[in-house]
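By written order: A, B, C and D. Residues from 1 in each chain.
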């Protein structure tokens, strides 16, 4: 097999969008900029799929790698590599960016500045993909941070046009919480460095057992809280509903589909590979917070008068599932977390696209403003909304189910060193959360889609929107019917150094 | 000669120079303070050069450089002083508070007033050292 | 072939969805053709398994999960083959019937697509050899029923009923999912045949079996609307009537029975689960029959009767009466589909579902009358019809167990309850039949009554439905009439049950005839009024359905609503102030520090020099 | 105590005294003149330290050019020639303390580092213009050139700053 790294594929995935972000806005016409960006995003998507295929056929090994010295004095390198854990997330990022750009093509924001927005989206893409493929702690941290600022701009500048102080507040809140989280993460990284003397992830994985367990626990806790702010883990979730409800549609999509994944990916990567012993001690707390998030998010959704906030809170619940899956510390939990990650990215992105479309059409996302009977006022829009809602509530046969099912299954038989009964309780509470999720989505569909139609018509889904949404719909169905697309590596993952 | 003689002298001169910079109101006096500090440094350089017998005369050469830089500095400083005088009608250092951290609105007001009546000396806490 | 049964309706659904809105004819055509093809395939498979052919399997394909792998595979044996035939046949008839019933409905393509999907899901449940794939079909059915029940989503009862149905079944399904976990981990596989082999080989302990079967029972109880998750089924009646036929006769509710029958080898390992099943069956059987007696809505009567009849099947299963249960399932599938479709025809004619507004329709609807009479008679257990024999098979199992089986106590319980139930069944069937077809015509005030399924205004004079609707009725009446011939053949479907248990048969027949006579007498005495009046005050309790919904409201819904509000309040008035507080505190501390930055450059310089000196001193002292 | 040392101490005392007067005098022009005295005394110190060329440069540039510029500045800003009462700001006590602390710190560290070290003034031509010129244009030529660019930049900067802006 041709080694793709010789073509610089991995470098392209990271540098391509970054260079594009720097150069494309130089084109004068904002429409041309968007078109060119779509071309670039398509190339990135194609390369990322090629990469995934390569990873699959190599059984999840690091087939695509690259390494170059960066700061020699600190032994910091541009170490990039992709394995079965990061490959799907890279593809997801590339896909969602593509969808966002397509959605922007005909629907430039009213406040203008499309070129800048496109550039920022490309920066976010570069940073996110970079974070997923970085194998060096410093590089990981830098790229992790690179994503934050553009998102802050996206929310603060292109957010809800009716509520400027609100969107600024939401943006700052997002920034402050996540930056605080990454500060804790940085402390954990520095502790790792002082323990093992390297920033290289592979080397860290090899030497992880050397760290004594007290230190491991400390690092695991720092990582949990640090990434937890990003995930967001209850009770650090408070920035999410605000950020989502004020962000523009593309911002919400990227926030839910990509940025939240950075947190869970980091937790998966470092807990399982680097500090497994410490993580085992902390895992039950993560599981408990995850379960609280599931139930709490669902209850918050039940009393939510705003569709966009509702979906934001539902994200809290879904990410609670991912946290619970991670906390089981088993290969199954790893597979579940990875699957739930991707599924949530696809489904919630779709939901935000649809709700964003509704909001753009009627001006607000409150139930009262949207009015009833969307099934009659714009059938296709309502149908996509209903399908996405059904997928999000975890219907078997659609993408949402397998992640949640595997999570509960993993909680049924967690790592032998973990308290089994506690996890049984977690599983039951998660099940309760699933029922509550069903309730609030059904109630939301009832409030928005059904009922005697309000008089004002709502423009139905248009061609460009179909183009942006259909890949997500298709992926939702595909992942639901053929979960092996994502689960092929579950047994390979079992070889990870999970068992201390 | 004990090395300490010039060193102590330079230390004291430096102290006096800093005092002048920190405590005197008139901008030209502040410039004088700076000159004092520079000279203290020069004295040090020359003294160490005499002590070390450097083949390259680095101490003395650097002293020359410092003198040249001091000349440049005084030229620029003077230009700034004149500019300040032109805009504020005084060169009272501690009455120039444009760098103060105020709320956005206030600062904007100040900017505005500065633009509207430039040269009228709008600073509220302006004190004595103004020409008769 | 097996895969085809599942996939064909899916194709139909896709075609109907994509093209149905453009061309009016495509949707019905796609629905009928693909379902017919599916039925054809089911028949071919069914004949293959008619005798005692071994199971045929497809797959398994392995999906790794990091733990016990999921083995996706299809497997058809006699049970699933007969279920396939039943499900696809009823689905086909429903499709044909709907063409006329929903003619001109703009939502027809969606409707057809959902029915197709529903059929596919049911087929998947039946042929799947893996518990998770079964769950996929199981829940897809649930969501299809949700969309179909809310077909008339402008109407409050339709929305309400759909939500209730979906949420209640899903509540049970969570238990079901956990049951799968327990059983799968205990047996070391999620493959159904593997689980059964493990159960028969004794590698599942009784404790594991008890927990897993009880959990699975949650899902079954939810899907088959047994106590305590029974109340969604009658509320699902605002859906279009053909859908009620599909859900009640052959698919969704039958899936629960099918599952217990399929996993019976595991159930028999656990006495507790079997006892619980018996208890649920007995309570549901009598309770829902009583409610059917007082309901004033034709479809609601039929719905309660479905619940009650399903309880018979569970009662049989709880006594390990596999054959009897399947027999009753099949015969019930036939006559209940007939009854619902006929009820649709009646509703189509008079535009209401209220029994109080029907009456005297015998002359106006001759064919509907004849076929529905056959259906009611089969339900009531009148001898030559299939219902009598299948019910007798169930009672016979109870009798055998009561007399000389290992479950004597429960055998007696089921026997007594079953006999009482037979009498009640006969009574409510007769009551409904009398109120619909005989007596004077009562006010067909053409107001679209609440819950009437499409609220369409009908012509003042009721008239017979078109043949597209009557055809399915006639076709369904045939198995009700001649099915008994098949049932009486020993070895039908590999069931070794004795065809007839004379003592029980005589008692139940006597009770049924007595109940019919009593009902007719009461009706006659009251001057063709509702015989339920004779129930006195009890009627209110029954019509209020034992106030079960109020109880659920008070015990479950209100607390959850309250906690939702509490969480929302927590977000806005506890979390939010803290977040805001952090903001404000930062601002104030910043303001405190700001006086240092007063713009006096000399003070800045002083600070810098002082700092440098202090640093030097500190470092000097430190060394 | 040699003659050189005695002379150095005298010149030093003179420099210090006039520097103190620069710091406290209430008359701006007096301040400038006292500065001349300080700088002149320092030039004498340089001579005593065998830095002959530096001493003459000091006299030429500092006493000549710089002080003249300062006086010009005073005139151009219409500084009063008489005594001004509040020439020292309220920051003076803190400033005095800081200055004292800085001097103290320097003296203490000098004393600790170079206590007892003596300067041996070597043979005559160390600080002569010839010797210094050859090193300046030999080893230090790059620095010298850079400095010339700096002076040019300062020149341009001063012109830009002092030009009246016609535009507004």
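Everything below uses one rule, namely that a residue touches a chain if its C-beta (ideal position, glycine included) is under 8 Å from a C-beta of that chain, and two chains touch if they have at least 3 such contacts.
Keep in mind that what you see is a predicted model, and the values were worked out from it rather than measured.
Any chain bridging subunit B and subunit C, meaning touching each of them, is among D; the list is complete.
A comparison of the C-D and A-C interfaces places the larger number of contacting C-beta pairs at A-C.
Put simply, the C-alpha centre of subunit C and that of subunit D have 99 angstrom between them. Look at where the CA atoms of subunit A average out and do the same for subunit B: the two points lie 56 Å apart. Separating the CA-averaged centres of subunit A and subunit C is a span of 36 Å. Rounded to a whole number, the gap between the C-alpha centres of subunit A and subunit D is 65 angstrom.
Not a single residue in subunit A touches at least two other chains. Of all residues in subunit C, those that touch two or more other chains are 600, 602-603, 606, 609.
Under the contact definition stated at the top, the residues of subunit D that touch 2 or more other chains are 89, 91, 94-95, 98-99, 102. The complete set of chain-chain contacts reads A-C, B-C, B-D, C-D.
In the complex of the two chains, the subunit D residues touching subunit C come out as 89, 91, 94-95, 98-99, 101-102, 105, 109. On the side of subunit D, the complex with subunit B involves touching residues 2, 4-5, 8-9, 12, 15-16, 19-20, 22-23, 28, 31-32, 35, 38-39, 42, 45-46, 48-51, 53-54, 57-58, 61-62, 65-66, 69-70, 72-74, 76-80, 84-89, 91-92, 94-96, 98-100, 102-103, 106-107, 110-111, 114-122, 126-127, 131-132, 135-136, 139-140, 143-144, 147, 150-151, 153-155, 157-159, 161-162, 164.
Contact residues of subunit C toward subunit A in the complex are 61, 63-67, 69, 132, 135-140, 143, 146-147, 150, 153-154, 159, 162-163, 166-167, 170-171, 174-175, 177-178, 181-182, 185, 560-561, 563-568, 571, 575-576, 579. Residues of subunit C touching subunit B in their complex: 594, 597-603, 605-606, 609. Partner subunit D is touched in their complex by these residues of subunit B: 1-20, 22-29, 31-33, 35-36, 39, 42-43, 46-47, 49-51, 53, 56-57, 60-61, 63-65, 67-76, 78-83, 85-86, 91, 93-94, 127-129, 131-132.
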